[in-house]
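Paired with chain B in one complex and with chain C in the other, chain A is shared by the two complexes that follow.
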Partner chain A sequence: MSLFADTFRRDIRLGLRRKGQILMAPVFFMMVSVLFPLAMGPDPVVLKLAGPGLLAVAALLAALLPLDTLFRDDDADGTIDLLLLSPAPLSLYVAGKTAAYWVLTSLPLLAVAPLMMIVLDMPLRMAGITLCALFPVTFLLNLAGQTGAALALGTRTGSILLALLLIPFYIPILIFGASAIDLARNGLDAGMPLFLLWALLAVALPAAPLATAAILKGLNE
Partner chain B sequence: MAVFSGQSLSCVRGQTIVFENLSFTVGGGGILALSGVNGAGKTSLLRLMAGFLKPAAGTLLWNNEPFDAPEEKIHWLGVDNALKPDLTVRENLSYWARGGDTDAALAKMDMSAFARAPARYLSAGQKRRAALCRLFLSPRPLWLLDEPANSLDAASESKLHALVKEHAAGGGMAIIATHNPQAWHPDNILKIGAAA
Partner chain C sequence: MSNALFALANPARFRKVGMPLLWVSSAASAALFAWGLWLALLASPADYLQQEAVRIMYIHVPAAWMALGTYSSLAFAALSFLIWRHTLAGLYIRAMAPVGAAFTAICLITGSIWGQPTWGTWWVWDARLTSVLVLFFLYAGIIALADAFENRERGLKAAAWLSLIGMVNLPVIKFSVDWWNTLHQPPSVSSFARMVEPAVDKSMLTPLLAMAGAYLFLFIALAVLRLESEIMSRRIESARMRRNHG
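Moving on, here comes the complex of A and B:
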């Protein structure tokens, strides 16, 4: 577990020293959430219909934004070569990096989510269920994103390829996340989409770092 | 003492044959220099030894057994320094320490005075020395060094030569890709890209 903890600590430290990169995701999330009602007008009916989906889409776009840099530095400066000769499994490095990335980019996004709910005319009593949906949504987006980022590494069209690769994986996450918030908002049981989100997370949490580590090893050859 | 060898190794990248039918042997206490013009395949051979590349033909042996578990045997120094500019030298080194003594490793390459300096403020030679400190964090018998003296001044280069000798004298082995093989006083020089 040392490699996981060391990578997590190192990336958090790096992130805190590059404040611009940390702020990018939550600022983007807030911009999308604030600009949409300004563009569509403050009609509560429109906001009621669009709010849950908009929160999920804004979270998706914010998570996608800095993703192609995830492994780029470590690949370019030879870190991944050294990690391949480390006795610890490469998947621990991937898991540590993803956890740090989530803390740096998605945790601030969850922190500002209640504020965005007010902007989107969503009742604050829904903050709990919204966060309960956005937590697995953001984590799943990051886990799928890290695998895509590893696949796109070494291609000249990394960012475009990454977006194209990830959209099919992001769609179910987006649908379950938005429908959980929407059902709750309409006073219906949001249990099923939430269950599916957390079940997906339970599968992806161990599987995605293993898959990403295998991709990184393969790319190196 | 251990013996590391390669027999009839060939390396193909895409459609290009980088080198073929190369063999080498280096034993404990030995230094092998790889020389050759740019693009001859020195780095490819080192990467193949590290297990980063698969040979198109040939085998790598450790004590006459198929070479495995490179993570227990190899210290790798590539052409890139694997330093994060926003971390201090000590923080960079600590990431790789896994219980190793970072202070002692820094002292080996005379980098103690720069321990708290962010890597971005180091000169190219200092960055190389900081990267070289990783070799001293844990003992591994085989050092694979790709142009290790790049950017080093004369004094640092001499110090590195002495440290490589010291490693070999302790039973370790070093394989060094270099344009100046004689400077390392190697036991053997493998010329790549030259007629056998």
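Moving on, here comes the complex of A and C:
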């Protein structure tokens, strides 16, 4: 367990030293959310239809953006090789990295989400249910993303390849996330997609770090 | 079963079995295509509702079966590559991912051409269509990943892992039309109850099964041929390395 806490603490500290990078994900999320209404016109009818989907797509793109750097430094300076030689379970290291990555890139995104709801003409009383959907969405995107980042570690084409790899796994998350916000936006019960999202999270939370650790181990032997 | 598979892991032995298999399955595929296409395009009745457009089914449905079947075979190969270090299994993923992608593309394109006269649209975001599109993206990811590394072995391993993880999508595609009530029709052929008393008339089932057989033998022939060329390209590479380095 200390490996999890140590990795988490170290990555948070490293992240806080590079403030520009932490701001990148939420700024990108805000840029995408603002660009769409500008492109489609500020008609409230259009925004009502498109707003929930835009929010989910913007969260997806923001999660994808810094992903190829996740394991890159640790691979370059030999940290992963040392961990592979040690008896410590690699999955805890992976889980610590993902948790830190979520705190650094997704938490600020959730913090600015209510602001973006105003931009997209969504009532603020929906903030609770929107965050209820965006929390598992961002976490699932990161869990799938770390598996993809481990698979593509050491390739030359980085983020384009990652986008291609991850699209099949991102699509269900996107569909359920967007439909939960959309149902709530129309005053309907958003229970089904929300329960599915949280159930997916309950499965992926233990499974993804184990799979990612197995991939890192398998690719480096 | 597994012993026979392990025996085939030796590339030299694979060639001995593979060459006759290639000829037999190519011939069977050509014969079945000739018979099946004749039945499908000329000798079978037009549908009372869809009329001549129903003939697209004989290309579309077997392509869909093969798209899923090829993916299952990739996942099985990935498992034997990662667990038992079966040499040929790794090469199989590299060799057959483009073939699976081609089957999926044929399925999507013919489906879209079929949708235009019958549904009145080229494309709808229905559960079955979307999940087959996702399958196409999966194939594309596997092809890209296998080629993305300087080190060939590492590329094969990464592609094997991705094929294995992608298996979660396969049941979703298979059951999408049962789980969700969508525009795409539920299966007419696949279940055992339907085998005894099919929902498709015999005059249409025979050409469909003939075409499915033709696709299957084409798949086998392509598998042998492409594995063979993977083995050859590896041999050329190592011969070149030996010449350059020592």
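We take it that the second predicted complex is superposed on the first by the 221 of 221 C-alpha atoms of A that agree within 3 Å, B and C clash if a C-alpha of one lies under 4 Å from a C-alpha of the other, contacts with A are read in each partner's own complex, and residues count from 1 in each chain.
Simple rule for what comes next: a contact is a pair of C-beta atoms (placed from the backbone, for glycine too) under 8 Å apart; a residue touches a chain by one contact, two chains touch by 3 or more.
What you see is a predicted model, and the numbers here were worked out from it, not measured in a lab.
When both complexes are superposed on chain A, chain B and chain C sit side by side without a clash. In the superposed model, A:218 lies in contact with chain C only, and not with chain B.
Contacts of A:110 after superposition: neither chain B nor chain C is touched. When the two complexes are overlaid on their common chain A, residue A:171 makes contact with chain C while staying clear of chain B. In the superposition on chain A, A:147 makes contact with chain C only, not with chain B.
Angle at chain A between chain B and chain C, computed from CA centres in the superposed arrangement: 90 degrees, to the nearest 10. Of the two partner chains placed by the overlay, neither chain B nor chain C lies in contact with A:32.
After overlaying the two complexes on the shared chain, residue contacts for A:181 are found with neither chain B nor chain C. When the shared chain is aligned, chain B comes close enough to touch A:17, but chain C does not. By the touch criterion defined above, A:95 reaches neither chain B nor chain C. After the two structures are overlaid on chain A, the closest C-alpha atoms of chain B and chain C sit 5 Å apart. Residues 2, 6-7, 10, 13-14, 17-18, 73, 76-79, 81-82, 84-88, 220-221 of chain A are the ones touching chain B in the complex. Interface residues of chain C facing chain A in the complex, by the touch rule stated above, are 82, 130, 134-135, 137-138, 140-141, 144-145, 148-150, 154, 157-158, 161-162, 165-166, 169. Residues 147, 151-152, 154-157, 161, 164-165, 167-169, 171, 211, 215, 218-219 of chain A touch chain C in their complex.
Across the complex, chain B meets chain A through its residues 50-54, 70-72, 74-76, 78-84, 86-87, 91, 94-96, 98, 134.
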